[in-house]
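Per-chain numbering from 1; labels A, B, C, D and E assigned in written order.
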Amino acid sequence: AQEETVKIGLAVPLTGDYAIYNEVAGAQCMAEMINAEGGVDGMPIELLIQDSGSDTQAAITSAERFMGEGVVSIGTIPFSDTMIPLAQIVGQNGISVIQAQSTQVEMHAGIVDNFISNVAPDPYTAAAAANHALEQGVQNVAIFTSDDGGSWSAKVPEWFAEVITENGGTLQTTLNYSAGTSDFSPQIAELRALDPAPDAVYISWAMPEIGILIRQMRAAGLDAWVIGSDGFDDPSLDALADEDPALLDKVFFGTLAPSQPGSRIDEFQQACAEIGHEVNGLFPALGADMVRIVAHGVEAAGSTDPAAVREAIRSAESIPVMSVEDVSFAETTSYALREIPVIGFENGERVLLSLEVPENVPAWN
Amino acid sequence: MTRLNASQRRGLIGALLLSLLILLIVGLYALWGESWQARVLYAAFVNLIVVIGLQTFMGNANFAVFSHAAFMGIAAYAAAICVTPVAMKAVSLPDAPWGLNAFEMSPLASALVALGITGTLGLLTGLFMSRLTGVGVTIVSIAILVIVHSIFLHRTDIFKGNQALFGIPRIFGLTHVTVLAIVAIFAARLFRESAVGLRLRAAADDEIGARAMGVDVHRARLVAWVVSTLFFAAAGIAYAFFLGTISARPFYFNFVFLTVAMLILGGLRSVSGAVFGTLLITIGLELVRWLETGPTLAGVKLPQMLGLSGLLLGVVIVAVMAFRPHGLMGNREIEDLVLPRKGTS
Amino acid sequence: MLEVAGLKVFHGPIEAVHGIDLAVGQGTCVSLLGPNGAGKTSTLGAIVGSVRHEGAIRLDGRDLGRMAIEDRFREGIALCPEGRRIFNNLSVHDNLRMGAATRRDAKGVAADIDDWFARFPILGERRDQSAGTLSGGEQQMLAIARALLSRPRILLLDEPSLGLAPLIIRQVFELIAELRRDGMTILLVEQNASAAVEVSDRVYVMANGVIRRAGAAAEFGDGSGLMDELTGVHA
Amino acid sequence: MDYAVQQFLNALSFGAEYALIALGLAIVFSIMGLVNFAHGEVIAFGGYSLAVVGTILTGNPLILMGFVLLACVAVAVLLEKVAFRTVRDADITTGLLTAFGVSIILQNVFLLLGSPRPVAATQLIFLDRTLWLGPVQVSSLQIYETVATILAIAGLGLFLTRSNLGIAMRAAARDFEMVRLCGLRANRVVSGAFAISGLLAGLACIFIMARRGSAAPHMGFDPVLTAFVACVVGGFGSLPGAVLGGFLLGFLEVGMLVLLPQSYGGLARAAVFAMVALVLIWRPDGILSPASEKGDKI
Amino acid sequence: MLSIRNVTKTFGGVAAVADMSFEVAASEIHGLIGPNGAGKTTMINLISGFLTPNSGRILLDDTEIHRMPPEQRARAGIARTFQNLRLFRNLSVRRNIEVAESNVGAGADRSLVEEAIDRFGLRGVMEQTPDSLSYGHMRRLEIIRALALRPRVLMLDEPAAGMNAEETEELFENLEWLRARHACAIILIDHDLKFVLQASDTITVMNMGSLLASGLPRDVTANKEVVRAYLGTGQN
């Protein structure tokens, strides 16, 4: 039966520990843009949003509710402990989980077959960042790991180090930290004791800890590169330039989609601001891609039947999205193989340093 | 000596009344409920078992403890690792040590193993928990929570940390957890009215007075502690068997706050309080979740106010503490509302 | 000096004192006697403002009715309470300082404290010990001393002899007599009727929340048969 | 050698920060028997007020520091008035749970009014400058922090044992009404205690903000949890105990980070807490057990 | 039956009990008197196990008990009341008694406690919590609760404090009844000398932690030392 609207459920964390990873703002903005142009095959897109409070049970409950309302797809907390059971449960009704920003490798191990992520898994960003580091002549690296963020904080630095060592570099030391660290002095003392001084440190984490680390390293006279992952891709990192643009001089990160000034994301954010949506940062912006992908699937399938839409998405040669020209799931089935941007800073302004699909991604599945 | 004294008989009546309430709710759902509400009910009953377990220690001994999520997690992981088929574990736990991914057990055996492991850990921790006093109990319980959580996070080869341990057979449904909840209610009531329960409550009021009356305070606390960990274990098993995927995340502070708030609202001194508190907060949270999405009420579109649910918990705790420090029920049990005691003037 | 008229005292919903009248003249000692539960402590509680009450309480003609506890104290009403209520966690010396906390003359306070140590030498010996570890009787002495350290205009004593050895009881009653001679106004609640009557100018006898008898101390002889008479009526 | 000295100084400043927060907890506990878990949110409030005032009013760091102190004192006193006064006579558990409730409310208010992501407030990071003492590099912040903590401890100790108000504060811990019966305005006494704890929170907030450069809803939770542990290890309710516990925790934490092999790095926190549990088994009331201070006799 | 042998307890520098020895025979009422701070309450704490002696021994029928924890001594038959009441505030009067009762074997004499409840006038308040009782009732409840342990030694710390002559008399009669009804030794501390002398078979007088005198009531009151340290010259 033909529905009059295309419904997308978002059982996402607006509060709680993972609140910064939700894709609501970009999705809302994109849905409004599409609806303003007549919708998808004449059907408007409707977003059903519920706060999961970062809690798995709450997310699944909301998802079950959405199922009753006939959604085409669902987005949720981008961590596998929620995405897997949720996908299993909504999969019984043929509904897909389509994530705007999930980089977790586990989701692509074949546990669930109704999962699609708009971005490439973590090893890609690690490899891209490592490749750029090698180009800068980085040889000796130290990495920071933590168990607090799952494989994202624990494994990604190791993948980075793997690429470095495979190309003749050295992993000098692995340092540990925990979420909420507000003083890295002990780790910095360790870094300072390294001989030779490290060329680069890698950490897959987010603000404000990153800011503290950068500041304390620079204050301690360590001028090694500080390299990171998509967690760096947040406006609050750029804000360090207000203190001192030099703080960001030797900082870069591999991320999910280009977000420097003049990039498509940047333009999208400005367009959204004009129609009254504040879309702040990478993760919120990527919600727009997710909406575009679903819209494309509905159009191609000619229906809102979730399974048909999923098939259509997977068989499409290219799907135009907001953040890059297009993505495709034809080869990978569950994630978009994208060019990975490496972004750095010049005088405190973001610049795109490289954009490639890395060839030398460490084995991850 | 199986003859029950007057309080214990009243306890059974009370437990029966509470069970009827639970059955009534399940009945209402069966008749008119929507499918997503089954999940709400399931989660509520799992929480109920935890809150009742909390009541057996916190309520009777009058200490605030926060380690229950840890024990629940231990049981959930133990049951999950035992029950998940070998073929699935090859994918989900490829690096597990000690042959953990090379065996599988029946659900019943897995549950028993989980209860056994959790109970043993309860006993070991209880040996020193029962010796601590005052705030020390709270702090060591927090230490247990943090330590267990760190181990979950760190030993990713066994627990997968904040990633998912998936592929657990989804064995349990609403019926199972309803039965478990009712068993828990009876067990907690009988414990409260037992000699140990009575001594524990006496010691909570006046430890020195109780010792002078021959109460072995440490032993009573130890027994209650171990019993309460078994409740948490049951809840953990039910959680894992229902969801099919677990991670370290749900077994931490957020869950602790939620369940403690439930207990406080109802009143930690009584089992009925634990039940009412759990039900009320569950309903309240669902209401808030619905309100915060900005529904249309009587033709008026309410504004969207996402994020209120967290606030609600805090407000409930503070308001209850300010206006009814002993919770809705205080010292009373459900049967005290229905059948007044003789001789009270 | 202190006048109480139509005083009712409540503990939650329970009315413990049912409208009593009482007067304590300047420089006199008045005893309030009666069996357990008569409402003596409740009456004192009302005067210092720690329990809910109705009716008039006048100090030198001024109504204290709505005044807060601490303000009544500052008007010169000090209480040596039932159960002593010393600060267990403070040293003996600091307990005494608390009694004088509203005084501004640090030297005078120090001198007064030394006086009390001279009067009760055992307290002096325990000067820096936590008051909670004192024996029952030592705590009682401390409570009396604390109440007097503020140099109140009127002193309320609630069973000051409770738990004291005979020797010390005598000392306490001698102290009361001495204070009276020095012009202190005293309202005394006691179980030890004969000793109380002996030091008093006037006696009120209370039972079940009402005043049963009132009169000059002389009318009560040595106070002995008093309680029998009362409890006989209400047994 | 250089490395060892450096790590020693690091441990000292970690310890000083915990001690400062622990003192704030201990003073409220020793006076009111309240385990104030909302102390962390007082610190966070200071952080947010720095962010707000720093962007809309003035960038002058001295004024801002004064303002942070003021904000923390004000919010601590306010919390006492609206939330803790009602549970003043309640037992420890009631107070502790109330404090938890207050902490949850405040965190959510920060979340709703602010944002889940950190709000930048970098006006105080200038406090953190690198100094060289011979070959050893120290942060000026570490020095300020250690000195401030020592001054705070000394000042507080004198205040509580010498001044009438200080003695009254300790007395109020036991018998609130009796303090009033001694003519002291007890509400002021308790407000005073909260003001002091707010002041200590404000100091801690300045140091934390000087390092973090941003405020976030949960920023106070972890340090306060650690400080709470420090209090208990030291002997809850004992001010010297809080200080001792704070420094002990600082040394344990840095020691664990340095000594544990990297493959066990994730267990550093677990190891610290396990040691704390061991200390408590050895001395259930903490190292400097305040039992004598409580002075209870049977 | 209960022997205290050379027991010493010091707090810091203060010897609260110094080298005390005395014997309590089965089914006697043994008065323990002395000035404030003499160490009487400390003595009871030592016997009931809330303090352990620095030196010396405490024996119950030739068994050393001075290293046992209090609860074990309670179950061995040593019961006490407290100078400051220690009732279980959230339990009904009945359950207060049941706490003690739960520690005695099934063979115990059930009717003892029931009779005591009637005699002490608590029958009508069994389902109330102690807070709602008058102070006198609370004191009586403490005694019954201790009695529910079926003690062999019952120690009462100032049971008559705050009672008037009439009530003290009633307490005395209840003690007499108790002695007739249940064979146990009673250690009685009180400052109401008339009451103690009337009730006790033997009296021990303590002063500054040590034994000052002991013997029959009339011998003790005649003792000059006792008069000087405790009673003061010219009795009242």
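We adopt the following convention: contacts are C-beta pairs under 8 Å (C-beta built on N, C-alpha and C of every residue); 3 or more make two chains touch, one makes a residue touch a chain.
A quick map from chain label to UniProt name: B, D = Branched-chain amino acid ABC transporter, permease protein; C, E = Branched-chain amino acid ABC transporter, ATP-binding protein.
Every value quoted in this text rests on a predicted model; they were computed, and no experiment measured them.
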item: Minimal step count in the chain contact network, chain A to chain C; value: 2
item: Farthest-lying chain, centroid of Cα atoms versus that of chain C; value: A
item: Result of counting contacting C-beta pairs for B-D and C-D, higher pair; value: B-D
item: Centre distance in Å when chain A and chain B are each reduced to the mean of their C-alpha atoms; value: 36
item: Cα-centroid distance, chain B relative to chain E, in whole angstrom; value: 44
item: Chain C and chain E: spacing of chain centres that average the CA atoms, whole Å; value: 29
item: Where chain D and chain E are represented by their mean Cα positions, the distance between them in whole Å; value: 47
item: Residue numbers of chain E (touch at least two other chains); value: 41, 50, 82
item: Residues of chain C whose C-beta touches two or more other chains; value: 133-134
item: Sites on chain D at which at least two other chains make contact; value: 108, 111, 266, 269, 298
item: Of chain B, residues touching chain A in the complex; value: 34-36, 39-40, 43, 91-92, 150, 153-154, 156, 161-167, 243-247, 249-250, 254, 289, 292-293, 306-307, 309-310
item: Partner chain E, residues of chain B touching it in the complex; value: 1, 5, 7, 195, 198-199, 201-202, 204-206, 208-217, 269, 331, 341-345
item: Touch list for chain E against partner chain C, complex; value: 11-12, 14, 34-38, 41, 83-84, 134-136, 158, 161-167, 191, 193, 229-232, 235-236
item: Touch list for chain C against partner chain E, complex; value: 35-37, 83, 122, 129, 133-138, 140-141, 159, 162-170, 191, 193, 195, 227-228, 231
item: Chain D partner contacts - residues on chain C that touch it in the complex; value: 48, 50, 68-70, 73-74, 78-79, 81, 85, 87-90, 94-95, 97-99, 101-102, 130-134, 146, 150
